[in-house]
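To start, the structure under review is shown below, and the notes come after it.
Note that the chains are named A, B, C, D and E in the order they appear, and that numbering of residues resets to 1 at the start of each chain.
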Amino acid sequence: MYGIVVAINVGIFAILALSVNIITGYAGQPNLGQASFFGIGAYTTAILAGKYGVGFLPSLIISGFIAGIVGLLLGLASLRVRDDFLAITTIGFNFVVVAIFQYVPFFGASMGLSIPPLKLFGYPVGYVGLFIIILLLMLLVILFTKRMERSWIGIALVSIRNNEEAAESLGIDTRKFKVISFGIGTLIAGFAGSVYAYYMGFIMSYNFQFMTSITILSMAVVGGLGTIAGPIIGAIVLGLAPEIFRFVSDYRLLIYGAILILMMSFQPQGLVGDGSIFANIVRKLRPKTSGVDQ
Amino acid sequence: MFLQQLVNSIVIGSVYALTAMGATLVYGILRVLDIANAGAYAVGAYIGMAIYALTGNLFVSLIATLIISGAIGICLEKFIYLRLLDKPSIVPLITSIGVFIFIEDLLRLLNGPYAKRFPAKLPFSGIQLSSVSIPATWILVMVVTAVLLFILWYILYHTRIGLAWRATAQDMETAKAMGVNINLVVALNFLLGYGFAAVAGSLIGIMYNSISPTMGDTPAYKMLAIIVLGGLGNPVGTVLAALIIGLVETFLGGYIGFFLPRDAIAFVALIIMLLIRPKGLFASNNA
Amino acid sequence: MLELKDIDVFYGKSQALHNINISINEGEFVTIIGANGAGKTTIMKTIIGLLKPKNGSIIYKGEDITHKESWTRSQMGIGYVPEGRRVFPELTVEENLRMGCYNIKDNAKIKENYDLVYELFPRLKERKTQLAKTMSGGEQQMLAIGRALMSSPKLLLIDEISMGLMPILINASLNVLKQLNEKGLTILLVEQNAKKALSYAERGYVLQTGRIILSDTTESLLSNEQVKKAYLGG
Amino acid sequence: MEKRLFSVISLLLIALMVMSGCSGNQQPQQTQSSGQQEQQPSPSGEETIKIGFFAPVTGPAAADGESALNSAKLAVETINNAGGILGKKIELVDYDDNFKAEQAVSIAQKLTTSDKVVAVVSGSYSNPTRAAAPVYQQAKIPMVSAYAEHPDITKAGDYIFRQSFVGPIQGRAGAEVAVKKLGAKKIAVLQVDNDFGASLVEGFKERVAKLGGEVISVDTFQLGEKEFTPLLTKIKNENPDLIYMVAYAVEGSQIVRQMKQLNMTVQLLGTEGIDATKEFFGVLGKDVEGLVFTTNLNRDDTRKVTQDYIKNYTEKYGFAPDMVGASVYDSFMVLAEAIKLSGQATPDAIKDGMYKIHDFDAVTGVITSYNKLGEVIKPVQVQTVKNGEIHFFDEITDMEIIAPPDIQ
Amino acid sequence: MILQGKDIEKSFGGLKALNGVSFELGNNEVLGIIGPNGAGKSTLFNIICGVYSPTKGSIHFEGKNITGLKPHDIARLGIARTFQIAHAFRDMTVLDNILTALGIDEYNGIVSMFKLAKKSDTVESAMSYIELLDLKDAANKKAGELSLGMMRRLEIARALALRPKVLMLDEPCAGLSYDDADEFINLISMLKGQKISIMMVEHNMNVAMRACDRLVVLNFGEKIAEGTPNEIQNDPLVIEAYLGKEE
């Protein structure tokens, strides 16, 4: 059971890491406020399911969409700023969203919000059930990302990350695609938030603070931005780290900090990113394919 | 009450200015958002307290704090930041967050999680007017901030190395070709950047008579808002932005009332400003 | 005085300079001409140390400076006027000039150099408290040259004196250089405007796509058809 | 070369992490308090009663986390030195939740499944405790929350107990003290903006109104706030008879200091949040003279349990214990009592035992009993600071005030 | 005539980078824009491609006024461009670089942008451009690993994959060796055979003279000459602008 709970945790964060990966990894737009969309999703579910008794699927879907719409708006606003300014704008957004959750009584303010245990078709869904739901969701996100990677939008996003000017010159409306990437990435974070709300049964603004954004982004970066395996591996490594290092409980945060520093200093492209040691090994082992999709 | 709030806001603004100055200096030269600077803030408070306990001399402890933390900053620069400069900006940012987490937790392990006292005896007493009271520690904060900012201003605008700093911030390559030893400028930059943050931490410790390992948490992020408002890498703009935030926070929070918590005000201001003037309030044209 | 031996420079994987050999004697006025993209700026940056050659060595006054930092080279007496002037936009004229003599500690000497520069370019004196970014292109060029002269250089490197300047200003600038050269300053001028450069310098190199294709006195280069071809094709 | 070496090292580090992750599941780490290892025979399998514990030992609440852990270790040591319960020693299985709700949930799973504890004490705040409570309820492992305030915690079910007063009780008690004992009519409230602050102030406002007083303003601040002068300046201008300060130690100490700096002499009424030896009284020293506060630990309590606890803690750790520590300590003592009462150390027996507790002599006062919801019924202590020491001021025993909410 | 610029003026701050420049690009013509450094060539180029909008004047493409359109709209109309500093997508393979251009019709719709990019017909079509520019061996290499010459060819291949009516080349030979430049001239004549009009800014006069049908010479933001390479080579104004005046 403990294993499953840890796996649920890792799974939720893997979905989140995959979601920020679409914005930061593929489209190349720094986003240090992903936890706010995670929070928007969770709060939407808490309000729908907790206050209005809405069922699982509608809550999940509405939560995702509300997060995605807010994400689209932030994406639109972010067109005015770039690079470091954009990074700080997203940080600021995170602080403001958390402040709103913390202060506005509708969002439970300082008392937080409770979510009734998840039931499907009248039966309570335990941790195992939740884990399956999360696995399914993660699978969907992976499939979606894979599809995206192989379709025109994926090509457009990566080209924007590489060189905006050149992408424009090839008929790619870079502004539109940046906004879309924000919309999709935040939509997925909203889904993750919804499931998280059911899993925790109780949420507070504290859970969606800026540090959570950093955790999410660190997972994607440590694993390898712009890949699918990367954010998942990152979520596993950094998600398990606090559990694994329980035996040195006093030094856990210290080790966490050290992992971030060492990884960024010596493998800044992430564990499986382009040019990392693992990626090179895999590249050598894998036979060359033409990569044509029929 | 208005006067009292005005004094409050100046004290708060001074603290912000000093705290954000370190990050501004680092950004000015290296273009790295240095969250670890807030770690220096906490480290500085502990070093300051330890040296004050040893020597009993406030002046000595502040100077020593500046130098020791500055040296730590130089080590960070040499061993960690310098090798990351050609990487995407997200890499040094995450590294600096890693450093920040590391420093904070190291402080907890070394000093315990409890807040400690930093009872400094000041050679002067507070001012008491009919409606305004200014405690001695506030005077200390304002005076030290003013002195440090004056020294910084003097260095930047009236010394050779300050000239080199400004030239390097504008065009590192040409500055190099003009004979500026960039390594030295960058080292000085970190010395001052981390030194200032450390002194700010010490002052805060004295002002609140309390230091704790997590004291850098709030400054770490608020200073980001301030340095952006100040035009990223512009020292003068940063001071102005810090004072403005001090004013706005005090009067919105304590006078008029605002629907969001005080710490959110800086970020609301930041977002509004970025949408109107994306390069910061006091951005220079070449930034 | 300065010797480049078998220099190869790469930008990533592409080679920008092939086997460059140049030597300049004390007191000479040498020019490197060539069309845009030929690698002139690359040579300059290599000499001042902003780019590191992959192969070859640079000898200055008998000392191997290939692995020395830029600032050391500047301290050794190499002055540099970068392409596009690159004055510090947010510094005043006076501060820009002060940057030029960054490593001179003797105040009297600094004063002397200020006087020298202000005498050469009275316009700079008039505008000494103005920010460099507010000045016109020609004034910025004067400032860039003045800044390089502030270091009392033994060797002056000038990258593209003519770029974006009105012809009358180009002549004025070149006249100044000629004057300085006559007083004993060694000058290496990289220039696109071949005729201008050749009519002032004593000796010239012709650079094409990263290679030296000609090297001769300026008189013979002026009458050499190959020079015109290097520019106008044919 | 150097670069390559370092990347190999960092990769090894990560590989190590992954591997230890695989083995970590089968062999849960069980920490024992270091001080007790020599004194007692190493507990093995059947012989011990395992009690789980979690607290925020790292992260922003590390100070309370350490106080809690210190007392947990002391409690186990005390019980074991007295011969254990039912002839068995207690084994402490403690974890750090890093002040994170997610970690509290995985710890709960770990404690209930792989560690197989028979009962758990939460030494953490509301957010982690509230999130973990349903897990314990579902696993049918009794949990005693030492000092978390959120009213929903005990609603998780019949296996969940609370050792501290639910927020509104202390708020009501505060109102009694403010209006009746301190004679305040106009009261300003300064409140930390979280569940603790909100629930206390709720009870306070309601009771003040009933007693004929008036709350003239409520100002809130964030956890971690340092600068209170803007708010205090505003309150000073309102000229209240009393300030009701619902804050934690770090923020509370700043409020007191900054009031001094602004020459504010108005009477201050605090709550158990400030009842922290080092963080509050240690930082303030003499500045805090005359403060009155509601809490659950009466330092002047002449009963032996209280005096022994204060003495032993001070000897062991070098500083006096606080309310967080006392509550954690009592939580263990209560569990031990429940085991004794039911004569069995199984989770169900402990749960039943908890409901049987009656007039139990705890460090934090005599516990009348636990109600059906699992809320403790005990008097509220009112303390004051005199000559730099904490002394008895009053005790609120009126059932109208101290009756916790119950299952309807 | 396919592309026309009328009286284009552009100021940056107070500085006039272009002053009343007009040009016409005929169908199936190769027009070169030359001039010394700082003459305003790149500015003109960027105005046509939509990076800047002109202070005055207008651009017409197939009779339509396209002044002030965004770069991606201009690309969609059929004007492709390359860049002076190589702008290949360095993290992407050569094949993916070309695919980027082939998606031009799919980027507009939310549904169509999720269509698979690497269908066999698109890959085939991409490969044809790759082969055209002789990059076949590098098709699966990352663009960042290519030499400069190959990168420039990649950029041209990518621009061609837009199937443009007008191809704009910004200093296509900067930094190339002799051989590469020779190849480039062959390429231009081959493209002419495919009914593409080409406009190029070029510093390498050798190339400009040999590749272009007509040249427009700019100096200090103004047009100083226009004509066939032969006429230009002997125009005293041009010679003066380039080589300088002899004293």
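To be clear about the criterion, a residue touches a chain if its C-beta (ideal position, glycine included) is under 8 Å from a C-beta of that chain, and two chains touch if they have at least 3 such contacts.
Everything quoted here is computed from the prediction, not taken from an experiment.
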Where subunit A and subunit D overlap in contact partners, by chain label: B
Most distant chain from subunit E by Cα centroid: D
Rounded Å distance between subunit C and subunit E, as computed from the means of their C-alpha atoms: 32
Centroid spacing, where centroids are CA-atom means, of subunit B and subunit D in whole angstrom: 35
CA centroid of subunit A to CA centroid of subunit C, Å: 53
Distance between the centres, which are taken as Cα means, of subunit E and subunit D, whole angstrom: 72
Of all residues in subunit B, the ones touching two or more other chains: 105, 261, 263
Of all residues in subunit E, the ones touching two or more other chains: none
Where subunit A touches two or more other chains, by residue: 102-103, 250, 253, 259, 265
Interchain contacts, given as pairs of chains that touch: A-B, A-D, A-E, B-C, B-D, C-E
Sites on subunit D touched by subunit A in the complex: 3, 6-7, 9-11, 13-14, 17-18, 20-21, 24-25, 29, 31, 57-59, 95-96, 98, 100-103, 105-106, 108-110, 112-114, 126-127, 130-131, 134, 150, 152, 193-195, 197-199, 222
Footprint of subunit A on subunit B - complex, ascending: 27, 31, 33, 80, 83-84, 87-95, 97-106, 109, 221, 224-225, 228, 232, 259-261, 263-264, 267-268, 270-271, 274-275, 278-280
For the subunit A and subunit D complex, residues of the former touching the latter: 1-6, 9, 102-103, 109-112, 114, 117, 127, 199-204, 206-207, 236-237, 240-247, 249-250, 252-253, 259, 262-263, 265-267, 271, 277
For the subunit B and subunit D complex, residues of the former touching the latter: 1, 4-5, 8-9, 11-12, 105, 108, 112-117, 119, 126, 128, 133, 135, 137-138, 204, 208-210, 212-214, 217-218, 249-251, 253-255, 261-263
Of all residues in subunit C, those that touch subunit B in their complex: 48-50, 69-71, 74-75, 80, 82, 86, 88-91, 95, 98-100, 102-103, 133, 147, 151
